[in-house]
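A, B, C and D label the chains in the order they appear, each numbered from 1.
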Amino acid sequence: MEYRRMGATGLQLSALSYGSWVTFHKQVDEGLADELMDIAYDHGINFFDNAEVYALGESERLMGRVLRRKHWDRTSYTVSSKAFFGWRGKANKPNQTGLSRKHLTEACHEALQRLQTDYLDLYFCHRPDKNVPIAEVVQTMNTLIQQGKILYWGTSEWSGVEIMEAHRVAADYRLIGPSVEQPQYNLLEREKVEKEYAMIYKTVGMGTTIWSPLASGLLTGKYNNGIPDGSRLALEGFDWLRDKLIADDKLAKVRALGDVARELGTSQATLAIAWCIRNPNVTTAILGATRKEQLLQNLEALDVLPKLTPEVMQRIDDVMGTAPKMPDF
Amino acid sequence: MEYRRMGATGLQLSALSYGSWVTFHKQVDEGLADELMDIAYDHGINFFDNAEVYALGESERLMGRVLRRKHWDRTSYTVSSKAFFGWRGKANKPNQTGLSRKHLTEACHEALQRLQTDYLDLYFCHRPDKNVPIAEVVQTMNTLIQQGKILYWGTSEWSGVEIMEAHRVAADYRLIGPSVEQPQYNLLEREKVEKEYAMIYKTVGMGTTIWSPLASGLLTGKYNNGIPDGSRLALEGFDWLRDKLIADDKLAKVRALGDVARELGTSQATLAIAWCIRNPNVTTAILGATRKEQLLQNLEALDVLPKLTPEVMQRIDDVMGTAPKMPDF
Amino acid sequence: MEYRRMGATGLQLSALSYGSWVTFHKQVDEGLADELMDIAYDHGINFFDNAEVYALGESERLMGRVLRRKHWDRTSYTVSSKAFFGWRGKANKPNQTGLSRKHLTEACHEALQRLQTDYLDLYFCHRPDKNVPIAEVVQTMNTLIQQGKILYWGTSEWSGVEIMEAHRVAADYRLIGPSVEQPQYNLLEREKVEKEYAMIYKTVGMGTTIWSPLASGLLTGKYNNGIPDGSRLALEGFDWLRDKLIADDKLAKVRALGDVARELGTSQATLAIAWCIRNPNVTTAILGATRKEQLLQNLEALDVLPKLTPEVMQRIDDVMGTAPKMPDF
Amino acid sequence: MEYRRMGATGLQLSALSYGSWVTFHKQVDEGLADELMDIAYDHGINFFDNAEVYALGESERLMGRVLRRKHWDRTSYTVSSKAFFGWRGKANKPNQTGLSRKHLTEACHEALQRLQTDYLDLYFCHRPDKNVPIAEVVQTMNTLIQQGKILYWGTSEWSGVEIMEAHRVAADYRLIGPSVEQPQYNLLEREKVEKEYAMIYKTVGMGTTIWSPLASGLLTGKYNNGIPDGSRLALEGFDWLRDKLIADDKLAKVRALGDVARELGTSQATLAIAWCIRNPNVTTAILGATRKEQLLQNLEALDVLPKLTPEVMQRIDDVMGTAPKMPDF
């Protein structure tokens, strides 16, 4: 496994990591989760990603039970949570969602309980909250660090301007700003990570724990012939995603990517993941595999990485046509 | 119920809230308190106001027992305390009152015990303390936030200059300043909230949890024919208030307000409360009802709110003659 | 002459000072101005007050010519200007009034030219400007100090909250905040200076260069029998003031003050001025006398000062009934 | 004319302003420039925009001569310059372009000479400079303000992240950050102004002096039948722009906009300009008219403004299909 400093911090994360997402509890039962996490840990993965909203708290509870059972040295891995959506679904009341000091603080306490740990290594604001001053968010995250409840904090799906506003406030108040962002990033969604955030890596420093390296499975090639029932894209609540994806004529590009994979002697999925971590501004790509063989295949991305020469990367750019147009200035 | 952000914070408070004030323990026994808080919570009230001095600590103890019994989710409501007057009455010794770091810290610990909670959502300086540097107050409150014992802090009955001095110190030391003030505010007492504080809402941001929306009952119209024994105004310790109120010839105005209420098809009390929360700088009006039907009537203010058109508001201004004269510049 | 430090600064101003106000150019011609300023200077007055708007620039031009002619050592006196109203009257265009960086900067340059000096000792914001962030005002005033164009800056007729917002910003940005306020202050108008500003003298420190110590002449007793034509109150543009004053039944109080003056063996005007500078938070009272004998009489206030014992001060409070009610806390 | 505060500053700019761009010297000779600026000033325009690179310095020299001749009160208008591209064209040597302290300082001095003024009201960084730390830019601009050579500074065509990096540095060092951005903005180019910058208006405050309200003339409808020789789009140096515009099938949309204009009883160009200043985050739209009748027609946009009801705005959105998709969070 390759380990990378998370942006400008001293924390080292494995280049591939594992997220329970909504699959835990819904698709992955406790026995399977146990096995998958074993595989991940044994392959050197040291970052397990979670959030309050995943399976409405059950994803964290399940991961908490597995982690407790493993008796892995707490210092040998990192675990995250994220607050914003709440975990009570439609029963959420005011202050049980969002980024107010009250919810961020209470959600942290709840996540610690569910994950059965004393501190989170990473704590994310799962989305921006237009109704809460970013100053309150930065103050609260800094306080949680001071209290020893979290070690680093980050954002997820924030705009570049929002991240910089957090850094402005942090500079202004002399507080610890966000050090990591969790964006979607894959061969079909490059704009934010490659263009919008470009300056942030260099100025204040920022790591990325990217999600959906396979574009919800689209890049594996498995939807080349349509979306089958039972796939994650067909799961309840993801109609919007399906619509969005089908609407685009991305499938043709994805098929062409398959040709490149074959030439490199790997699978399309493995290539797609390797491509993500080829970007030095990606700290880690979070895998969401729900089957053992799938996870093992994903892990082969590390072996494909050396094959991604500048020429191959250029060819992928040509095939996909998704490289963002960079500004003249 | 309508929920409002408390000034420039992300915290949401219900536009109507409930305070135990001196009535808990003195006028309201535990059974009745239990019922009143049920009504409040079921109607969506999420802020319960208290203070160390109310019934000399008994008001907090009673509320603490009720809250423990309810098993309401701690994240679904907010609870406050206030320090300044101490809770030992005439037995208060030096450092058992005021705003020194010693008393603010110890009073916080005592309130947490009485209220049987791990943290206060709001913690108020119940009055300014001319003998304590405001820097010490701001530092202490910030420390209590860092310690996780309180989430937000505020002031009560401070002058605009005193509040701004706290913000100046907070800016100087990069600490968390006060985010809420608890002033008296009602149709007879408008100067501070509408004129003196006007700029503070816009610059540093400030919420208000206003008390005495009914002017100690005067605005209900029940004293139109004199002050009866047994009313709160006649209770021991409130002679000054009675004197003050009677001294003014406010009763005539109050009677005219009754006419407006009748035309709107509501009670005078309900109108007076609705009028308070019509002001966007009011986060919440604290109700102090001591009887069930009274509380239910007060809660109807939310229904009256939409009827307070600019024309009706102007008419109330004309009738009451209490609108502050705003400065030319 | 008695000299006082201006608030928390090291600058010393004479307890009585002289202002040209609108009288220069309108009531006082250049020859008379020359004589009046001679008397003032010879009696130890070291502060001459002015503003861009006084006589639409002519007041500064006249004072500038007189000062140039005198050849007094520039270090022996201080001179002020004030910006806000502009000097073009109805011809003022956007950015030619108010407190934007553009107007404050340009108005300073213009005042330096009119007054024929290289720097202003004091530069005032003549009123608050609700359309300009106070941060911009503080930054600009600080810049003008850095450029050597002004030495100290202050406010005039700002509320306590506005002054404290300036100090908050100054603390935040580490800039030089306002050190002096020019409020109206006299036996009929005590609220702001004695109550609203009370804390500011102690925390950030503030001097006051008070205007209208005689309440536009009302306190001299000359209007006891009605307002004669030719008096300043009858001048064009001051109808509002006359109305305001007559509306109040202040004349009776003023007459009673005359009795106290007689007992102390002084004139009513002299007593009223002495009373102002008896307040230690008053740095200087600006005299606006337009006749020589009047100015000489005003200057006798320094001799009356020692006669203002606590008992006499109490008696004046009783007679006038204008002492502000101080807050309980 | 309508005047607007420039973002969070106190400066007031006319909602329509006039820019010499490359037209001065190239298309507009000194006599015509004289007439055009007379029309602009007489209609209340108080902002004249310029840059070192426009016509390689000649645009500023020409405007400087015209302004000197007019003897307009310097306080009655504002004038800008911009540095980045240098004014020596291909002869530019290192440090004669870009945003280093050396070039920003020297370019400012040169612009003051060419424009024959003591200070610029606005000074822009004409583009971001990836080779200069933004801290150096902010420090230099702040220094120029302290020196009295400029009053406000801004950026042009910077990304939201770059602007926020400037504010982060300004907060960190307690310097004056940028207060205005000059972006392209028109019915065909909305993304940056409406989406990318959205948060900046609210947090740190930002005005915009938008350029190309007519999309280089495309929105006037004059290219509906192809691009004629002699039009600005055909001028040397603008091939890229022509290509870019033609490449897009924007002409159809533009023709549909013409229908809306006819219904409102105005010209397509006037409507397009009015649409720009309908956005409250636009401080001023810079007109670049090169003929008198054209300028007079543009100025009619102020009369069209009231006709842009929410319904009309919606219809324009529908017709153009250029409204940016706002983020879900």
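Definition applied: a residue touches a chain if its C-beta (ideal position, glycine included) is under 8 Å from a C-beta of that chain, and two chains touch if they have at least 3 such contacts.
By chain, with names taken from UniProt: A, B, C, D = Aldo/keto reductase.
Please read these numbers as outputs of a predicted model, since none were measured by experiment.
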List the interface residue numbers of chain A (Aldo/keto reductase) and of chain B (Aldo/keto reductase), divide the shared ones by all numbers used, and answer same when the ratio is over half, different when under half. different
Farthest chain from chain B (Aldo/keto reductase), going by mean C-alpha coordinates, please. D
Centroid from C-alpha atoms only, then distance chain B (Aldo/keto reductase) to chain C (Aldo/keto reductase), rounded to Å. What do you get? 40
For chain B (Aldo/keto reductase) versus chain D (Aldo/keto reductase), what separation do you get between their C-alpha means, in angstrom? 50
Any idea how many Å lie between the Cα centroids of chain A (Aldo/keto reductase) and chain B (Aldo/keto reductase)? 44
Taking the mean of the C-alpha atoms as each chain's centre, how many Å separate chain A (Aldo/keto reductase) from chain C (Aldo/keto reductase)? 64
Got the chain B (Aldo/keto reductase) residues that touch at least 2 other chains? none
Pairwise, the chains that touch are A-B, A-D, B-C, C-D
Of all residues in chain C (Aldo/keto reductase), which touch chain D (Aldo/keto reductase) in the complex? 93-96, 98-103, 105-106, 110, 129, 131-133, 136-137, 139, 143, 146-147, 172-174
So in the complex, which bits of chain B (Aldo/keto reductase) are touching chain C (Aldo/keto reductase)? 127-130, 134, 157, 159-165, 167-169, 171-172, 196-200, 203-204, 327, 329
What does chain B (Aldo/keto reductase) use to touch chain A (Aldo/keto reductase) in their complex? 3, 5, 8-12, 14, 46, 73-76, 78, 119, 121, 145-148, 151-152, 174, 176, 205
